[in-house]
Structure formats: C-alpha cells, structure tokens
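Each chain gets a letter, A, B, C, D, E and F, in the order it is written, and its residues are counted from 1.
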Amino acid sequence: MLHTVNKSPFQNSALENCLRLARAGDVILLLEDGVYAAAAGTAKSSLIEQALKRHAVYAIDADLKARGIGTLIKGMRSASYGEFVDLVEQHPVHAWL
Amino acid sequence: MLHTVNKSPFQNSALENCLRLARAGDVILLLEDGVYAAAAGTAKSSLIEQALKRHAVYAIDADLKARGIGTLIKGMRSASYGEFVDLVEQHPVHAWL
Amino acid sequence: MAGKGKKVMVTVRKAPHGSIYVQEGIEVMFIFATYDMDLSVVFLDDGVLALQPGQDTKGLGIKGFMASLGALVDWEVTNVYVDRQSLKERNIAEDGIISIGKNEDTDEPIRPKVLDSADIAAMMAQQHSIVSF
Amino acid sequence: MAGKGKKVMVTVRKAPHGSIYVQEGIEVMFIFATYDMDLSVVFLDDGVLALQPGQDTKGLGIKGFMASLGALVDWEVTNVYVDRQSLKERNIAEDGIISIGKNEDTDEPIRPKVLDSADIAAMMAQQHSIVSF
Amino acid sequence: MKLAVLVLEGPYNHEASDSAYQFIQAALAKGHTIRGVFFYDDGVYNATKLMDPPQDDRHISKRWSELGAKGIDMIVCVAAAKRRGIVENVLVPNVRISGLGQLASMIDESDRLVTFGD
Amino acid sequence: MKLAVLVLEGPYNHEASDSAYQFIQAALAKGHTIRGVFFYDDGVYNATKLMDPPQDDRHISKRWSELGAKGIDMIVCVAAAKRRGIVENVLVPNVRISGLGQLASMIDESDRLVTFGD
C-alpha cells in the first residue's frame, strides 16, 4: 500500500496515525505540509527515522523546495510528481487527510 | 486574556500550543471540536487537568451536547454563548486556530 | 446491495460537527451502497467520536447526521468497523457506541464491529480503492 | 506609519504553502501598517516555518509570498517577532531566518526579533486586538 | 460593549460560521453592539446567495443577510472574494464587498475583536 | 493505468487542488488515462468561472476547464455544490454537475483512486 500524508507533524497527528496502521513494507509518501516531517534534526524527526526501519519514505520534491527544506533525514528519498504516479501505479492509496 | 481553542486535542496541537503561552490567570475557552479536551478519562485529559491549576477553563455547552460529552474533567465549567460573550467583555481574545 | 464488485473502503478519521467531513462521508456511504461494490466503512482516530452516544446538535442550530448513522444498516451499509485503540484513547466504551441498525429477527441493535488496528490494516491492504474523510 | 493608535497584533501559527493563511495574513499586515495602529506581528508554532530561508515555490506552479515577507519593513511592518522555542523544535537557526528588510543606513539585513515565549505572552496580554492565522 | 467579528471559514464545511452566528445572537441579546462582521479567507463564501441547502438545514447566507438588515455592517474582503469567485451579483442583500482597511477600522472602533476560523 | 482523482478542498485556500493538478499532469505525461476528476466537499469551489485571481497567479478553474477540454470527465458533486452555491451557470466550460454515483462509477472503471484533501 501507499500511504499519503499531507499535514505538518508539529500541528497534526496524521503521520503518527498513519504509522500506527501502516504494515511493514508499505510505502509512505509525504506531500504538501507533510514534507516538514522529512527535515533532519527537528523535534519530530524521530517519527520518520523510526518509520524508515519498516517503510520506504518519499517526499515530493517540489514541496520540499517550496518550504526550503534542505537537509533530509538520512534514508528519505525525494520524489517528483512523476515518481508519485509510479508509486500509485504500484500500490493502492490511502490518504491520511 | 481569553484564549479560545477549537481543535480536537487528539488531532491537533492547538491546545498544547495555547497552554505553553497562556499566563497564570488567563482564561481558556474550548469550543467546536476543542471541547473534546474537556472529556474525562481520555488520553488527552491531562492537558486540561494540568491547565486547571493555572486557569479557569470553560467549554461551550452546545458543543459538548452536540458531541455527547457527558462527564467533564473535574473543575471544567460549561458556558453558554451568552457566557462566552461575558468572557469576551472581560478579556481581549486570542483564537488559537 | 452487498455486491460482489470491487472492494471499496470509506475511512472516517475526522471529528464530527466541527467540520462537515463526517456528514459528507456518510452521504458517500449511502450512495456507494446502492452500487455494485464490496463496501466497507472504518471509523478510526477522531472518526470514532462520531459513534459516541447521546449526541444532540440542536443547540448548534444544525440538524446533524445522527439519524443517518443510525440507519446505515437499513441503507445496506453493513460492513462497518471501528478501531479499538481509537475508542480507548477517547474513553468511549466499546459496548456503548451508537447502533447503526437493528437485527430484523431479534430486534437487537447492530453496532459497528470493534477491531484491532492490525485487522483494520489487513483489511485496508485488500482494497481496490479507499475514500478518506 | 508606526502610529500611536490601538495595539493590534497579527499572529501567524500555520505552516506556509499547504494553505493560504500565511499569505492572507501578510496581506493583513500590509494594510494594517497603513492605518493608525500600533501593529506587531508574531510568528510562532508552525508559523515560524514561513521564515525558513531558501523557499522556492516555482515547482508548485504558485508565486508564493517570499517577496512580500522580504519587504515587510519597506511596508512599515517593523515590529516583527518570532518564538525561539518554535524555531528550535523545527531546527531553524535563529540567525538563519529570512530577512524582512534592510537597514537604510548600514544596508544590514533586518530579521524578525527572536523572543522567549514568556516575552511573547507578555506582549500578547497588552493588545487591544489580535488577529490570528 | 462594541464588538468586531472576523469569520475565516466557509459555510457548512466548518463550524466557524455557525459559532460566529450564535455568538453574535447572544451578544445582541445582551444588548451589546456589533460594529461589524468581516469575512476573510474562505469566510467570503458565507455571502453567496446561490447556496441552496437542504430544506431542513439552516440557510447560512440568509442568516447573515438578516443580521445585515438589522443594520450590522457585513463586509466581504475584496481580494479574498475575487480569487474565490464571490462577486457583487452573487451577494445576498445587506452584505457589501470592501477592502481589508475596513477590518482595521472595525477593530479601531470596537472594544473587542473575536475571530472564528479553522 | 486508468486513474480516478478526488478533490476535497477549495482552490487557493489549500494546496490540495494544486497537488491534484500537478499529479494529473504528471500522469498524462507518462501516458496514463484520467478516467475523471470528482470534486466533493469544498472541492466544488474549484469549478467556478467567477474566480478572478491576481494576474500573476494561476487561474485554477481555467486549468480544470482545460483538462476537461482534453476529454477528461470533470464532475462536481450536486449535493455538495448546492449547499455551497456552485450552480450550472457559474461553472467553467467542460465541467459538469452530477451525483455521487458518478464517483462510484469512476472508481469502478479505474485502476486506482487518488484523493487530495485536507
């Protein structure tokens, strides 16, 4: 499965909710304000650091750039919208709105 | 000051953000989905239990009823919209949207 | 109809009344139930708050949707689940959640079935599509 | 004009780009600065993310508002503050936040002033009105 | 007391506009004055006369229009409205479009500002 | 693959409709088929031709209309639209109003559903 998360982890529990249900091997895609979870060294970085042990985690490149997020958590991958499409082709999607 | 919080404490950090800044003696008013913080015995009840040591805390009665919240945290008061108006008369307001 | 079409799930994760998502989610359930799909509904996270008993929205000047939720089974929305941990965190008793219909024979109330997160996750993984609110 | 009218504060607590609140908050600052009020602006919680350097929204197909933020001082929005703890939690260096204008004499960049939460709370308590985004 | 009310969210989708309405009714019942209601962000959608809710539901723009008929200044922000397609000829009666400066004036001429949003 | 796209938030206020648009452009560029785009909740506001954003900003309803002109089925939910004042004569070209059943059909006839909202 592909799980999309579009909320800031500092303000909203969507990412935590997602990670509680996601099964090992599921893929997580961060987009919109969700990409703030991809930044290294923040008070919420541990969420993704833990998630990376069980999941591939992507963040939309254009959303990272828009927010000036330079240093990603090690193991995070950035994805273009085209790669987002590829992920959707490979997995059914649940949006954690 | 009067601080209004209208977000569910399970989903959003608005109440925690508010309590971090609110000064002793400030009044907190919960409304809309914010009133879920007033329910006793939940995983988030401790937020208001702690807050009550420094603040008077109100929750809009109509919002509590709409959500079926019966048992309030001890010390919580419910308020009509009319009492909300009285609180506004007594204090300038910051809405923690 | 409990059709044999594609597996489609509706998830409800937002709290009721502060926003319209739960209500518009219910409208989706009602319509989808009339289509040939294998429909399931899951309440989790703040969505379980919609199942709290005794909700009365009159004081807000809005009709609310408790009547609709109570009629899900009548509308053939029968595979309805709720996440155990979400209920627990919100201090909602599993046997106290609202009923979504009645058993035609025994007149017993039918409630959403309480499941562990792992069961919900497994069910989610089997879906063709998931609509989330 | 840095008028001597009523004390009015604009607080920005939401993250930029995922929603329009920061942008429409900036529009409020620009207009309010032309009125006779004692205006202050506070970025806190996710609002501090608007001050992160290097934001470039081209890839989203939107103009963004970094140019506006960089011109706050030109528009006489001069009392601009940011919460220290919010920056820290988000790993944004205090001396790395974007500038909101330049000192006319020295050409030095002017940045929002970093304050402790207690100072912000004290300032908040003195306001006639607070508009929050 | 004299009150300014700011509404930042659209009708039906969020409770904000209902809360604002209930608050205003309570304030009027207590004899307070509403200096004005300002609609900003998605709040501008509150003013469209084209909304047509189910018969057993409240009609939100009509309620605002009725408050306007009582003499309360009901203002929709022009910039927020333009971008969202709220134009002069879709407004309910007793609501007008104007600039953010009106919000500044409303605040200046009120004892309190109360904000309802998301 | 054949895709159904669901948009739940209004234009400008949330990034959802921008993300949906970028996603669809990328899918088309890769040769996939968009079975349809369904606008629900505040998403119905995406379809109004009355929006008039600043000249240097994107025109969101025009973009959707252009996708409609390419033959993509663009549908606004009738119930959500009625309550929000989105009616036939404010729609941009190439977008139509219909019921939630169309969303069911779209899902049934697609390989994947992708949802953008708040």
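Everything below uses one rule, namely that a contact is a pair of C-beta atoms (placed from the backbone, for glycine too) under 8 Å apart; a residue touches a chain by one contact, two chains touch by 3 or more.
Just so it is clear, the structure is predicted and the values come from calculations on it, not from any experiment.
Any chain bridging chain A and chain C, meaning touching each of them, is among B, F; the list is complete. Counted by C-beta pairs in contact, the busier of A-D and A-F is A-D. Of all the chains, the one whose CA centre sits at the greatest distance from that of chain C is D. Set against the Cα centre of chain B, the chain with the most distant centre is F. Mean C-alpha position of chain E lies 28 Å from that of chain F. With centres defined as mean CA coordinates, chain E is found 34 Å away from chain C. Residue positions of chain E with contacts to 2 or more other chains are 8, 12-13, 15, 22, 41, 57, 112-113, 115, 117-118. Multi-chain contact residues, meaning those touching two or more other chains, occur in chain A at positions 6, 10-11, 13, 32-33, 62, 92-93, 95, 97.
Looking at chain C, one finds that residues 14, 17-20, 45, 60, 62, 128-130, 132-133 touch two or more other chains. Here, these are the chain pairs in contact: A-B, A-C, A-D, A-F, B-C, B-D, B-E, C-E, C-F, D-E, D-F, E-F. On the chain C side of its complex with chain E, the touching residues are 17-20, 60-63. Note for the complex: chain B touches chain C at residues 6-8, 10-11, 32-33, 36, 39-45, 61-63, 65-70. Residue ranges of chain C in contact with chain F, taken from their complex: 5-6, 8, 20-21, 24, 27-28, 31-32, 34-37, 128-133. Against chain D, in their complex, chain F makes its touches with residues 12-15, 18, 21-22, 56-58, 118. Looking at the complex, you find that chain E touches chain B at residues 1, 3, 8, 15-16, 19, 22-23, 25-27, 29-30, 32, 111-118.
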